[in-house]
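Pasting the structures in now, so scroll down.
Next come two complexes, and both contain subunit A; in the first it sits with subunit B, in the second with subunit C.
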Partner chain A sequence: MMRIEPRQPSRVVNVAVPVLAALVSLLLAAIPLALAGADVLAAFRLMWSGVFGSPFAFTETLTRATPLILTGLAAALAFRAKLWNIGGEGQLYLGALAAVALGSGAISAPPAVMIPLVLLAGAAAGAAGMAVPAFLKVRFGADEVVTTLLLNFVILLFVQMMLEGPLQDPMGMGWPQSAPVIEKATLPQLMDRMRVHAGLLIGLGLAVLFHILLTRTTWGMKMRAVGENAPAARHAGIPVTRTLMGAALISGGLAGLAGVGEVAGLKGYLTADLSPGYGYAGIVVAMLARLSPLGTVASALFIAAVFVGADSMSRAIGVSSYLADLVVAIALLCVLIGGFVSRYRIVRVRTGEAP
Partner chain B sequence: MMEILDILANPNFWSASIRIATPLIFGVLGALLCERAGVLNLGIEGIFVAGAMAGWMAVWLGLGLWGGIAVAALTGAGFGLIHAILTVPLGLSQHVSGLGVTLLATSLSYFTYRTALPDVSTPPRIVPFRALDIPLLSDIPFLGPALFQQTALSWLALAAVALVWWVLARTPLGLAIRAVGDNPDAVDAQGLSVYGLRIGAVMAGSALMAIGGSFLTMAAFDAFFFGMVNGRGWICIALVIFASWRPWKALAGALLFGAFDAFQVRLQTEYGNAVPGQIFLMAPYILSIIALVVAARRADYPRALLTPWFKGQR
Partner chain C sequence: MTDRQSPVVLRLAGLTKRFGSVLANDAVELDLRRGEILALLGENGAGKTTLMNMLFGHYLPDAGHVEIIGPDGRLAPLPAGHPEAALRAGIGMVHQHFTLAYNLSALDNIVLGAEPLLAWRRDRQAARAKIDAIMARSGLTVALDAPVSQLSVGERQRVEILKALYREARILVLDEPTAVLTPQEADSLFETVGRMAADGLSVIFISHKLREVLAFSHRIEVLRHGRNVGGMATADADETRIARLMVGAETATDPRPPMAPGAPVLELRGVSVAGPDARRSLTGATLEVRAHEIVGIAGVSGNGQSALAALLSGLAEPESGEMRLADAPVARFTPAAFVAAGVGRIPEDRHHEGVVPDMSVAENLVIEALGDPEVSRLGFLRRGAIRARTAEACAEFDVRGPGPYAPVRLLSGGNMQKLILARVFGRAPRLILANQPTRGLDLGAAHAVARRLLEARARGAGVVLISEDLDEILSLADRIVVMHDGGMREAASRDRAAIGLMMAGQAAA
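Our next item is the complex of A and B:
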């Protein structure tokens, strides 16, 4: 007879599980690679050089990691309060929309005013995007998983509508894209001739900030209490609804910032294909980080490296770059299973013995 | 006003409603079966994609239309098994596992499609299911073209509703499935396998979802496109709550939704110049959210939904 028993995961296990999950997901990628008829070792070598082969390649990974840190933080904070915000993708687009609405010529001010303004507007738009499903949850009990997922589609259509209407670039020859973000609202580049921009510093700073807030303040304690056992938290006098709404606004705001970074730091204008699923990948980032804000940075770098590596491998040997999405999905399932291994142990019970 | 009456008086509108509802009927039924057994299956969106891709590819490789349906169902059951293993014996988060299955099924389908067809610009077509002419019924004026000129899959969907209702409401197996979603301890006390029932229900439900997906590539269209599922799975999850986990209400909900969607498409051709097209395209998603909000208050969730159960542990 075998029996499953809960246990307290140790610190080492907490780090080892996500690292192992990441490695296993990469190893499992060998199967689809082999089935696609590719030379597996060459493919892995190409992925490696695509990420670490040159300074430019590595900064590309940092550039890709920037939105993932923010959407990962967005998911991690919401999930901590057991608020299933799956709407990071939509909130990212709302942030980007707000950034171009203000930042592509509507107003003009020195960068010291303009950049914070655009960042705040984007965060506010993302927060507003999450406020709706959070309100529907606390007021009507509508499941936020479904509402946030459905709102992603509504928001993307809204963005398309704006890009074919009021926000369309008059000089864009009819393409559904916004006017470019003006110089004064553009996030500064971190290095010459590299695409990595100040959004990365914002992401890193916020990861540290939320690490401190979660571990060192009563707010963090409330978040944890609400997430672990809402009825008990309510009984203990914690304002559960307000804590949930707070988590929702912060989560949406972080995803909104990811959108600001993409338009004001990287692309320079908004199109409806701005994000290749950064909102959804943020969920994987958060789970790989085991909902830790600092861990989010590491897992965002891993996921970004997978995307950058797979892209460059795909260009070289023609294997579909959907391989990256596959690795990301497998990593999520692996870390989930790893969580089981770390939280439970299987003990052998001799038959006849009292359990 | 006259335009609206014109739309309703056109049999094409009613037949389109049923056509749009068909994949949703399969999807809602599948999600309902999983949830009745106590397992939320957010893998649905990806299982739709996998069903659409696998079914289409089987036909494209020469397996025949019904062979394609069988392949789609098996593919769905396979992804269902992954979700079931993670959430039932391992008792892991049903939310995260479901999203993981959606990401896995979607990316695996896209990867497989791209690997099999590396450089096609126009997706290859198959000969899809044709509308069946039912003798006599199809010839009734108005009602014939409105209701009785559907593909075999729409009839299969109707049969699936009846079957799922009959199994759940009238058989000992259905009683056990419902009990395992409400009170697994009681099922265990009866000497039945909680794990077996839950895994079976999730696999069967996922197979239904995948058949719903295959309708898209094998009846509604004749090719596979990226992004063609477009949230239909999530809409089904909302519709299950709207239908309070009852098969006939699920059918009614899906048909209502289909009618609304067909209506907005026709309004769009009528008023498309005055109003941006995106407003109409948003409607189905907003409608689903409204349906969810309306239903949420009186929703009577299966009591053990989302709650893992471990053998020998109370």
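Our next item is the complex of A and C:
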């Protein structure tokens, strides 16, 4: 029989394991690359230059990290309260939908009004998307893993319906896409001729803000107490239901902001393939960061780098883009397993011992 | 009835089990003869269930062993820690909480596990014939094809017993078999068990109900604090003698200085609280606790104590009746309102309700006081003030551990309890609920708890002390109230035997 025990925290393990995990993932990734007939070393070189080879390459990584920071924060905050929000993808689309509904010409005002308005509307839409499953959970005990996950598909279909109906771009020649976001509602670019936009600053600012809220305020303490031990929190007089609802609304709102950033900062209009699974990737980001808001920034950058590097490698040497996805998946699995190994150890147990 | 000549079929020799610092069983000896019904008596925590778990191989004993009669008629040691070996040797166990698959039929439940996992076909006809024969012989009848979910509690218990008999159990262990039964079902159970014993089955039944023990057993063995404290033939036993053995007869020293009680701090008038089941409900309870007074709540657990604790913690709202705190009716039944009203709560389960194990000592100390101006300002935690307060409280209450920012799960049980004391007494409560405050603690920590409760009493607080340890109640409480079946009755005397009888639901002697 085997038993899994928490490991005593150790600095050596904390540094050695992630490095080892990265090396192992490179070794494993070499296998499918070699099978596809690619020059493995050249492929790794191309991955590196795809991330750090030029200022443009690096800002692409930042651009890719922007929605991941926000969906990662969304997952991390919900998971801290033991609220398993798997619906980041749907909430992201709700945020994007609200942004184009207001920002593509329905109303017009100076950017100082328009941009906050679009951001708030997106956050509110994402929060509303999470409010429903959270209410069902606290009121009826409905499992939020199921409800949030399934709502993703409902919301995506709803977005498609809107894009072929009321929100369809009249100038779009029948394509299922929204009208473009007007200039005054567009998030400013951070650098000339680069795609990185102000959504990144919003993500970084919110990561710092939630770090402070979680560690320095009574609100953060209540939320952690509810997540770690709800019966004790209730016994101590903390309003458990209200705290859970608050965490749910914030989590949904953060995912909604990720959607606003993608339409109002990057793409300029909404299509049903806006997100290549940023909502789901946010869960990986959060787990990798061990649910720490600041750690979320680091892990979002890492995952974005792997994405961008593998993408540009597959384009440069002409292997299938599925191979890039495979490399990303291998890297994530290795790092997650490494994270587990650094926290727990597996112990053999003599059979028959008392549990 | 058995006689002294019946062979011994089971012998527990010097079984000892230690959990951390708690000695659950200390060299327990037990002999069981063929066809004998042995009642194993003791209060909660006396070690009955631990002993049976060692017999059945769920726990490995730290010392001692189990001997069981073999096919050759001689006692041979049973390998420790192997439930399968115990099953093969003919030991059947019926747990207090049934282990049935509710969606399967009674027949499937009985056969389940006794047949190979992967078989080409199941010989249901043979199984049914065998069970029919057992039912005819024992008088235990159930509808074999009905799903267990449709059976009554008594019928489910019969399925459990049939399960053991189907595996040819020659020794049957019943863990508090009547806890969930109506009196009629209980009578029918004992009638059947008696018939099976006459047929050669040996039975150990665990109970703390004196009436049924005296009516149905052949021999009685009493455990207290994990030790044998007396055995006797049931014919020679009487209730007073057993009650005295169960609760102990040492004379308690009285360190309480006499003190005149002051104004009432808590009044319950005919309060009923609906729990999830009858064992966790309160029915028409009346209680008054005054300043400078400790009221001990004695009783076997599962008689409404948890409902009383939930009520006084602000976690449960009464269905009827009136509750007053410090002469004002209680309007809001929430933990926060109770804390604000000056109620200090020491919960029964430290790990579950008392602390958040992964949060720090400092955070757990202030978790009930987050709104206080010394703890937070504009929603921000005042970390310096909290740190100073933690250092002060840890010094005053002697909380030892790796430091104020270490997670509480690293503290020992005693230090965890002292931390809870620091949290509760730091607010100078007017009413204190102490629910099993010394359970699982070593002597030093237990004394610290007792000292704090007496200090609070001297300061003018009223204390409700819920405890299964009658010695603790006798040494600390000014008045003793006995809980039975959700009701509360004040004990007229401090006589152990009389209180023991009230705990068992008998009229006070």
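The rule we apply is simple: the second predicted complex is superposed on the first by the 291 of 355 C-alpha atoms of A that agree within 3 Å, B and C clash if a C-alpha of one lies under 4 Å from a C-alpha of the other, contacts with A are read in each partner's own complex, and residues count from 1 in each chain.
Keep in mind that, in the parts below, contacts are C-beta pairs under 8 Å (C-beta built on N, C-alpha and C of every residue); 3 or more make two chains touch, one makes a residue touch a chain.
Fair warning: this is a prediction, and the values are worked out from it, not measured in the lab.
Of the two partner chains, subunit C is the only one that A:Ala233 touches; subunit B does not reach it.
When both complexes are overlaid on chain A, the residue A:Leu270 reaches neither subunit B nor subunit C.
Once the two complexes are overlaid on the shared chain, A:Ala304 sits clear of subunit B and of subunit C alike.
Of the two partner chains placed by the overlay, only subunit B lies in contact with A:Pro32; subunit C stays clear of it. Contact with subunit B, but none with subunit C, is seen for A:Ala142 once the two complexes are overlaid on the shared chain.
Applying the stated contact rule after C-alpha superposition, one finds that A:Met245 touches neither subunit B nor subunit C. Residue contacts after overlaying the shared chain place A:Leu200 against neither subunit B nor subunit C.
More residues of subunit A are touched by B (comparison of subunit B with subunit C). Across the interface of their complex, subunit C is touched by residues 216-219, 221-222, 224-225, 228-229, 231-239, 351-354 of subunit A. Those residues of subunit B lying in contact with subunit A across their complex are 42, 82, 86, 90-93, 95-97, 99-101, 103-104, 106-108, 110-111, 114-115, 118, 230-231, 234-235, 237-238, 241, 276, 278-279, 281-282, 285-286, 288-289, 292-293, 296-297, 299, 310, 312-313. On the side of subunit C, the complex with subunit A involves touching residues 57-60, 80-82, 313-315, 334-339, 345, 347, 352-359, 363, 367-368, 370-371, 375-376, 379-381, 383.
Chain contact summary for the complex, subunit A toward subunit B: residues 3-4, 32, 35-36, 84, 86, 136, 140-143, 145-147, 149-154, 157-158, 160-161, 164-165, 280, 283-284, 287, 318-320, 322-323, 325-326, 328-330, 332-333, 336-337, 339-340, 355.
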